[in-house]
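Each chain gets a letter, A, B, C and D, in the order it is written, and its residues are counted from 1.
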Amino acid sequence: MAEAIGWIGAVLVIAAVGLSIAGAVGVLRFPDVYTRIHAASITDTGAASLMTLGLLLMAGFSPAAIKLCIVWVFIMLTSPAAAHALAGAAFGSGHRPVLADPRQPSEDEA
Amino acid sequence: MSLLLASPELELVFSALLLTLVAGLVVALLAARSVLTCILLMSAFSLTMALWLMTMDAPDVAFTEASVGAGVSTMILLGAALSSTDVIPSLRPGRLWFPAVACLAAFIGMALIVPDLPVFGDPGSPPSAYVGRLYLEQTPHDIGAPNVVTAVLASYRGFDTLGETTVIFAAGVGVLLLLGGQVRSPDAAPEDVSLRASAGSPVLSVAARLLIPIICLYAFYVLAHGEFGAGGGFQAGVILAAALILHALVFGVRETMKALPVGVVRACAALGVLGYAAVGFLAILNGGRFLDYDALLSPVFEAGLPSSHLAGGHHHWGQRIGILAIETGVMLAVASTMTAIFYAFTGRVSRSDAAGAS
Amino acid sequence: MLAGGVAGLLVAMGLMIVRLLRGPTAYDRVLAVNSFGTKTVLMIALMGFAVGRPDFLDVAIVYALINFISTIALMKVFRLRSLAEPLARLSISREAPDG
Amino acid sequence: MTLALVLTPYVYGLGFFMMAAGLLIALTSRHLIKRLIGLGVFQTSAGVFYILLSKVSGGTAAIRLEADSPAAEALASRLDAAYIAAHGVDGVVYSNPLPHVLILTAIVVGAATLAVGLAIIVRIRETYGTVDFEEISALEARALRDVREDEA
């Protein structure tokens, strides 16, 4: 039983790493800053959640598990806030999203 | 657990891989042509360096590198870079060859000693086999603290650390002498212009409001926990300064200066160093040597206290109180000095401000 | 299994460095550093368990915090060219600053 | 041990390379702030060398564990008993803590001295109006020439 839970945890950790790489590829290949922020922040929080869950399953309950949860809470708190601030700043300084439909270049109000 | 644990060989390979990433960042730094990119790279360099230090079994150093290198250094660099041009002009090729040859010669000279250096990870190498091992063996009997790094830093080499703290304080004084007297141009940007960046989005404000108290609390945890795990006064001080810097970043330096006036910060910096030295003199007054924590408590009083768990039959309450006291001094000195430096670079503290506050 | 995880995270970090160097806008660079930092936090968590001393997750907590603070600072420098100006009002009551 | 023999020149080489590269940045860049960044890299790389010397294969961080705790037993399970007996302290192999202490304080002091350097740079920019090393040299040369002409 414990062995099986350990393997489930390992699969989750690998999934987290896979998500991380997918996010990095997205950041590298997406066309503008907003899509890149999107790729990075979603995969970062997702990878953090999967990694936390995986490591918790593998290592079992200990004081380290509590710290792991604290790390997770901090990432969930700071990563979206940073992404939001970044996107807001990029928009404020005049970068406009690259749109597939070029009809409405400046329809948006801050 | 066995699923997770890496073999000793794998650990060495990890650290070699990470060091490669660090070196790659240095190469990128060599090529960078913009100051802000350089600062970004420096921040990433420090982060990776701290990760590498984790693989080298140096969590205390990793802690420091993460909080100092990636945090405070980046802020100070940004503060200084704001006032200068961003583009780095390239050097004329004629000027390049002499430094390049000199650095190459230095590299070759250093590489020539590699065959004489101990093998990577060798447990019997001269640095690891004698004095380091002695500290590891003696710490439970002498100090009673599980963290040998803290024991060496705060107790065995406490005098040295007092010197380091004084150097940090002196550096802070130097920065204030260079920049502190400057009067800031009054309100360069009207407030509504700067607020427009995040107007209508309280996300940052709420996140900062949530985080700042937690960071402060965490700094004190790091201070108190330094005896038992990674951490200590230096790290706690930098984390405390980071909380103040976050406050200044989100709510503006003026608000932070209202909450924590410049004069108070400067006084605290001096107080930290003085408190450290005072612990040393207290030991002398009790009949011991300078910074001899065992002399802090009288034996009669100490015998009444409960025995600490990792002490191996000894009490060590004097050591523990002494270490906590000087670490508090270090934290106060480091946090205030870093905050004062940040104030000096961003706020350009005026003389009247400082005089009015103190 | 662990080696694969660490290697994968290293690859992701390397890709972030490429984005950091390529830009093109300053915000891309800041994003790259921020995401690099988050991946480092994950790596520290993994590494802590890998070397058998997971009690050093303290370092990962500090990382997450410092990473956030430096991202805010960098973003502010690129947007406002200033570290001193406020990004948000301290008082809770916001009196509609938009015009 | 053969793996360690292969890695030894590689890791030391990287450390020395970073030192030389930091020195090169400090010597050849025209922007004064980049020069200081180069010095910072140089300083950190010197720390790398110290830390490289402190690593003990199979060791753990120098925060003492009870020999019968689960963490210590897990760490011991990957090493053979003779190795632990020869190099361990009370049943656990630790890395050398002494270089950690030296580098820890050096990092904080390095940040403080970096701040002093940057403060000097800020004052230089206020005085000369530039942080370009070559422009400053040219300005100084011109000022020196003016002084000499006045004297003559």
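Throughout what follows, a residue touches a chain if its C-beta (ideal position, glycine included) is under 8 Å from a C-beta of that chain, and two chains touch if they have at least 3 such contacts.
This structure is a prediction, so every number in the text was calculated from the model and none was measured.
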Longest centre-to-centre distance from subunit D, chain (CA-based): A
Between subunit B and subunit A, distance of the C-alpha-averaged centres to the nearest whole Å: 28
Interchain centroid distance [CA atoms averaged], subunit B/subunit C, Å: 19
Subunit B and subunit D, separation of their C-alpha mean positions in angstrom: 13
Residues within subunit A bordering two or more other chains: 10, 55, 58-59, 78, 81, 85, 89, 92, 110
Where subunit B touches two or more other chains, by residue: 1, 3-5, 11, 32, 39, 57, 59, 79, 81, 196-200, 204, 207, 211, 229-230, 345
Sequence positions of subunit D contacting 2 or more other chains: 60-61, 63, 74-75
All touching chain pairs, where touch follows the definition stated at the start: A-B, A-C, B-C, B-D, C-D
Subunit B-facing residues of subunit D, complex: 1, 3-5, 7-25, 27-34, 36-38, 40-41, 44-45, 47-48, 51-66, 70, 74-75, 77-79, 83, 86-87, 89-90, 93-101, 103-105, 107-116, 118-123, 125, 130-132, 134
Interfacial residue positions of subunit C with respect to subunit D in the complex: 51-53, 55-56
Residues of subunit D defined as touching subunit C within the complex: 60-61, 63, 71, 74-75
Touch list for subunit C against partner subunit A, complex: 1, 4-5, 8-9, 11-13, 15-16, 18-19, 25, 27-28, 30-32, 34-35, 38-39, 41-42, 45-46, 48-49, 54-55, 57-58, 60-61, 64-65, 67-68, 71-72, 75-76, 78-79, 87, 98
Parts of subunit A lying in touch with subunit C, wherever the complex brings them together: 10, 13-14, 16-18, 20-21, 23-25, 27-28, 33, 36-37, 40-41, 44, 47-48, 51-52, 55, 58-59, 62-64, 67-68, 70-71, 74-75, 78-79, 81-83, 85-86, 89-90, 92-93, 95, 110
